[in-house]
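Two complexes, one shared chain (chain A), two partners (chain B, chain C).
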Partner chain A sequence: MKAPLAPAPRDADPARDVLRRAHALLEDHGLANAAAWKRDHPGRLAVGYMPVYAPRPLFEALGCLPVAVFGGGDRDVIRGDSYFQSYICHIPRSTLELGVSGALQGIDAMVFPAICDVIRNLSGMWQMLFPDVYAAYLDVPQNFRPEVGGAFYRAELERIASDLVARGALALDPERLRAAIVTENARRRALLALGDVRREEPWRCPASEAYAITRAGGALLAADHLALLGEYLAAIALRRGSPKDNVRVVLTGAFCEQPPFGLIKSLELAGCDIVDDDLQLGLTYIEGDIDAEAADPLGALVTAFLERGAATASRYIGDAHKGDALLARVRRARADGVVFAAASFCDPALLDEPMLEAAMDEAGVPYTSFKYAENTGQFHVIREQAGAFSDAVRLWESAP
Partner chain B sequence: MSELVRVGKSPAAQRAAEAENKDRSQVRQKRMISDHFDKLARAKEDGRKVVYTFVPGNLTELIGAFGMLPVLPEINALQSGMRGRSGAYIAEAERGGHSEDVCSYVKCDLGMLRSGNLGPTGTPLPKPDLLLLSYTGCFTFMKWFEILKAEYDCPVVMLHVPYQATGQVTREMRDYVVRQLEHDVIPAMERVAGKKLDLDELVAQLTRSARAEDAIVDVWESAKARPSPIDAYFGGVYYVGPIFSSFRGSEDAIAYYEELREEVRGRAARGEGPMTPDGPMGEQKWRLVVEGPPNWTSFNDFWRMFAKEGAVVVASTYTRVGGLYDYGFRHDPRDPLGTLADYCLGCYTNHSLPARADLLEKYVREYQADGFVINSVKSCNSFSAGQLLLMRELEKRTGVPGGFIESDLVDPRYFGKANIENRLQSYLQMLEARREGRAPERTALPVALPVLAPGAT
Partner chain C sequence: MTLTDELRYQANVNVLGAVFLRFERLQLEWKMHEKGFWKHEHLAPPHFAAPRLKELISKHYLKGRYANGHGKVAWLTSGAPAELFTALGFFPLFPENHGAVCGIRRVAEKLSGYAEDAGYSRDLCSYARTDFGAMLSGETPVGKLPRPDVLVCCTNICQTVLHWYQVVAHHYKVPLILIDTPFLYEQAEPHMVAFVEKQLEAAVEQAERIVGKSLSEPRLREVTARSKEAVELWAQVLARGKHHPAPITAFDEFIHMAPVVEMRGEAFTVEYYATLLAELDDRVAKGIGAVKQEKRRLIWDNLPVWGRVRWLSELLAARGVSLVASTYTNAWGELAALVDPEHPMKSAANVYLHPILNRGTGYKLDVMRTMVRDYDVQGAILHSDRSCKPYSIGQIDQREKLATELGVPALLLEADHNDPRAFSEEQVSTRLSAFLEVIGA
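Take a look at the complex of A and B:
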């Protein structure tokens, strides 16, 4: 017989329970949740997808559970390493490790959105290594005209939908898609509300917690994530505290391979309030609501991607000025500086970085840069670097 | 695309060897290249517009139809590598904040730009009037031109070529490319050129391309003979120079490829092998297929490692990054924009990994190769990510063992001569043991985990 759980102490953090659940989801990449969902929904598909953006409402409308597969984190990589040269980033190794170790057995399909050549080629590796699992490369358009890139993107979504239907997903029904869009919009607004708290009262919502609560949604239906977000927001509203003497920073460059949780904590311990980041960019990639009233909800999903996709390294900027979007984020967040954190060997982030740094130089925004891998285990160097940066920013601010 | 391969000897010995060893086609190619750079040097005074673009999926015929002159930054980078300048250029870019982790072509090009943008003839390259971002088979291309956009005050136009992830070109993929040509690329070129596209001229260019393409296929297929009259990798990068770069669609390209074909036919009839940096190749002990780009900073050393062991390359995938002509594609003047789309979609690096495995398997079988070697370059994830799986898959399918070498495109820090030579020799010794029955048949080499460190030797 199990001993009853001890009641929470009177002064316990009101967000403790919801954070515990979020961390539990993070620790196994949401795979236990996906397995439970599949048990409750026999015949339905769990659709894994890689960073950055995937059309989750479409998967939900097909009766599928979208599962963000953002690498294996700091899990031991044994066989995955033997598939990649030393100069390839870490996320494909750990993802392949999840695959070859059987951890992704419950994932019925994998979608690889276009982000870089490594993830692109990983889609082909998946086809070769796991011939029984549907592996789709989702080629997102870099031309944003509706009649050009829009038509292509729509065809891509229809192709993948049709392939999933052939494997047991529900037929693509406009009303189910509309309902999924409504829920996705609500989830996105909740994430924005979370962002507001981080900006206005960072002591109430540290970035490490926001990250856990956000990433936990990777393996949840939007409605379930919305509930989790609501619970967390309600809980942190009860917190008592006061602002800390930290510098406010925007963290950018970590949109694909995720840094270890300890790295985010280290930045906080070094005196940085991370008031905005791109760690889970995919969930807020569409800037604004998707039109849930549109006669053609699939068209609305396409239009949202074309017209309101977030600026990130894997998206062509056309005539826009590189760095403007980051600068807007810095200003909206009233940040004192920028932390460029890119995964080692991440071509998109590392090729973008000098351009973004130049834009920050031009605007007089201080920044610091470092690289990491998802399994980085030592943080003291980064902590010292971030600490020196936050000290320098404070000194800069107090200079006459 | 070795347009300016130099033999690694003293200058006098080099000139003597060149005079002795050069085929007429090589002399012609050299003259074509020299003329092209002369035109580029005079472009501004002659009022000709200059388009910077990339090799895979390039739109040379369209550029030619507008009378514009192409500049290909990858070619500039590899030429800098061969001239021993890339190390300094890369260092210059890294001083400017570019990571050691990223593509050395990009950094070499940027370093060259910041060092005066001198072309191979020693004169500054003209600034672009248009950056034509043909986004085919390489993500880095997009970032590269975003970086160049900040350096030049000129328009950029993007042609996004979808990836052949399923091994097929769908109607939607083709339509997408054609619509971009109609809606974005051609209008942008018309604005820069100040004139409408001359469709008749484009058709004429495409017609000429197909003739040159016929000829290069004959050259590739000559390697099925024993001995092979060509080296389809080290020599092959000379052969693809004109057709991958500025000359497709020109009369010069036809003349070059028809001349080359005759020379190759002559060598085949006489039972002769190809030229190497040290003269005609002797006994061909090993017929190899090679996957991946070559190293450019030590190109001739790399070639010699193969040639001195009697290893001739009978087919390679790098020489298909600008088109898989040997599997049937030809530019079709009857459908000008559709054929440009098909061309862009069909480049080797735009093929999925399973399709690349299929192609390599065909090459191993059709060219009766004794083995295959993968040269994995640090700079190019488009090629490199997945190559270790490719090797295992090919070994499984063909029973032929593979060799794995690591280097880089133009970063000299990543060419470890002794290490590479050791690996190649060990690999060939293993092939020899198999041939002599000292090693079990159809047994793959254990995959050695790659080790790559800057300055490794």
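Take a look at the complex of A and C:
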């Protein structure tokens, strides 16, 4: 006889279950989910990809499960360190650790999008260390003219698609790609809806939760992530609470290497409502819908990348003014200030930051800056810094 | 351009400057011929071409000092297709070379400090920080840097330059021409060459608008032909290191490489390397080694430690060690065969896709394997350069492979090409001594 299920406590958080599932996905980097998916879909491929942006609809259209491999977080790095010098950021160490420890055995292919020298060279090391795994460097262009960068990017996508098909992926079918784009657009809109809640009622949706729910999507098909987002949004709508006396901040870092979860919690505990961030910028990298009605859906994917890619550190923004995009986010979020967090030894973020800070200075937006690594274990100093910053912002606001 | 500017340029560069620099060169050459000029115990006298090199570099920066008002100035990354801009009449300035000058003249730390005060982290490339420091302070050991009219950034050496040049463009409010080169693991595929070629065509159009004239095809062919000639001569200079004893070391090459980087395409650069090559052949014929008692031979990987070239050179020479080749100086000679002056644009697209830093780590290992064989070396020094991540990533694996596959011991030497704060004389000395004992030096 089955034991009766324990009734949920009357004051249980309505989002408790969905958050638990999201955290479970994060804790093992979605690998158990990938293994289960592969059991259910024999012969299909799980395609790992590194930050920041990868064309997930393309992988889904090829019948693959895209799996975000965004480093190993704070897990112990034993062998991964032995491949890199001290002045290299942490994400390649922990990612390689995942590889050499066998944790990524269920991943059939790895895609390394072009964002910096470290990820670029990691792709080469991957090819040498794991010759049986397909490792592709996706050379995303920094030229956004359709006949130049567009033609090149399309050829790159076709090359990778063709390589994956040769390894068992489904043939690239325009209708399947169109369907994947439709779902991707819906997922993106759900993420925007999540952003709306954070901006309007941050007490209802702390950044640490939003991060978990968003990042869980890296391990799921877009349709499954859409369902998870819908469940979470419905759950938090039931929450009862009231606004806190916190300062509203935008957290930015052109995040490739992910900060530890505790760091985000520390900022919250220091009195910051993080009303916007770019922690998982890849999932909303394309600003606006991809044209699902286009006769050529692959062309639509390319055009969306060329025309509506987010102005982040790893993307050349031409004549646009550095800081304008961040300032627009600050204004949209009605933020009181900005928290800059750059991964140690991250060239793109660290070279961008002074220009972004200058733009904030010009606009009179207060900010604070610090560096982190994905395995940072002590948050006391960051909490002190963020606390001092939020106090200063409050005092500034209340000054006559 | 005003008449006053032009007169000032001609007077300072082509009259006063030229006379002074020639006089200085002749004085140095005369001194080098004097008896007792050189008394170093372990190193052979400097090459007689050295004063000529000093004249070339000084004149280059003198031209730069007065370039604004005389013509248009382009700041370029070292891997940018300089021939196009030289053919269009731009004065080319290479911030990386200027950074190296600052490193040699021991002012890089001071200049980096200005950049760090402005918020640029010490985690960043020290060339970039030196450049930002010079830009923000206006200080430079070469007198004065010209303001750029255009920036040309080619990502074939690293992705960092993309961000670095955006900072410079933002500061000077000048156009930035970006040439994005796909990374190569295998041979360049047609869509990759086409991508670069289209960007070069667009770059020329933009540069023509800035300089106010069209690119002359014959002139481009002429500049490309000279560039090819200089690069071929440079490759021959490097190849002389295969002789026993080697008449030139990589330490010498680090200094002699300046013209092939920043003045390729010029007739005087071709002439200079022809002179240097003749001198090396003379040394080979006479059995003169750059290290007087050459007992062991090594290769070097990565950029030099600019502020410590002399110190390292003397330290190794004292142990009878000659550094006979380097992947870094080789990078400026190995692509000569790809240069086709008859089809300069297509050839530029191909050439500028193939620098060692635009290729997988496996390629660099192949280059080192070839050097170990061709230059008959007993070991390798892999400079683990804090400031050059793309060059340094993979070295740990490369060290392992050199040892296990070829039986060649390799030392990983942690330093920085331009930031002296990352160089510990005592630590380097200890590590080098231990390594030299291993190779029997």
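Here, the second predicted complex is superposed on the first by the 394 of 400 C-alpha atoms of A that agree within 3 Å, B and C clash if a C-alpha of one lies under 4 Å from a C-alpha of the other, contacts with A are read in each partner's own complex, and residues count from 1 in each chain.
Here, contacts are C-beta pairs under 8 Å (C-beta built on N, C-alpha and C of every residue); 3 or more make two chains touch, one makes a residue touch a chain.
Keep in mind the model is a prediction, meaning the values are calculated, not measured.
Peer 1: Put chain B and chain C onto chain A via the superposition and say whether they clash or fit.
Peer 2: These partners clash in the superposed model.
Peer 1: Between chain B (first) and chain C (second), which does A:45 come into contact with in this model arrangement: first, second, both, or neither?
Peer 2: A:45 sits against neither chain B nor chain C.
Peer 1: Answer with first, second, both or neither: which of chain B and chain C does A:360 touch in the superposed model?
Peer 2: The answer is neither, since A:360 touches no partner chain.
Peer 1: Regarding the shared-chain residue A:54, is it in contact with chain B (first), chain C (second), both, or neither?
Peer 2: neither
Peer 1: Name the contact category of A:34: first (chain B only), second (chain C only), both, or neither.
Peer 2: In the superposition, A:34 contacts neither chain B nor chain C.
Peer 1: Determine, under the contact definition given at the top, whether A:125 touches first (chain B), second (chain C), both, or neither.
Peer 2: Touch partners of A:125: chain B and chain C.
Peer 1: With the touch criterion stated at the top, can you tell me which chain A residues are shared between the chain B interface and the chain C interface?
Peer 2: Shared contact residues on chain A (touching chain B in one complex, chain C in the other): 82-88, 92, 114-118, 120-122, 124-125, 127-128, 137, 139, 141-143, 145, 147-149, 151-152, 155-156, 159, 313, 316-317, 319, 322, 342, 344-348, 350-355, 357, 371.
Peer 1: Quick check: in the complex, which residue numbers of chain B touch chain A?
Peer 2: The contact residues of chain B facing chain A are 96-99, 101-103, 106, 135, 138-140, 142-144, 146-147, 149-150, 156, 158, 160, 162-163, 165-166, 170, 172-173, 175-176, 179-180, 183-184, 352-357, 376, 378, 381-382, 384-389, 393, 406, 447, 449-452.
Peer 1: Could you pull out which chain A residues touch chain B in their complex?
Peer 2: Listed in rising order, the residues are 81-88, 92, 114-118, 120-125, 127-129, 136-137, 139, 141-143, 145, 147-149, 151-152, 155-156, 159, 313-314, 316-319, 322, 342, 344-348, 350-355, 357-358, 371.
Peer 1: Which of the residues in chain C end up touching chain A in this complex?
Peer 2: Chain C reaches chain A through residues 118-121, 123-125, 128, 155, 158-160, 162-164, 166-167, 170, 175, 178, 180, 182-183, 185, 189, 191-192, 194-195, 198-199, 202, 360-362, 384, 386, 389-390, 392-397, 412, 414.
Peer 1: Help me check something: in the complex, which residues belonging to chain A touch chain C?
Peer 2: Residues in contact with chain C: 82-88, 92, 114-118, 120-122, 124-125, 127-128, 137, 139, 141-143, 145, 147-149, 151-152, 155-156, 159, 313, 316-317, 319, 322, 342, 344-348, 350-355, 357, 371.
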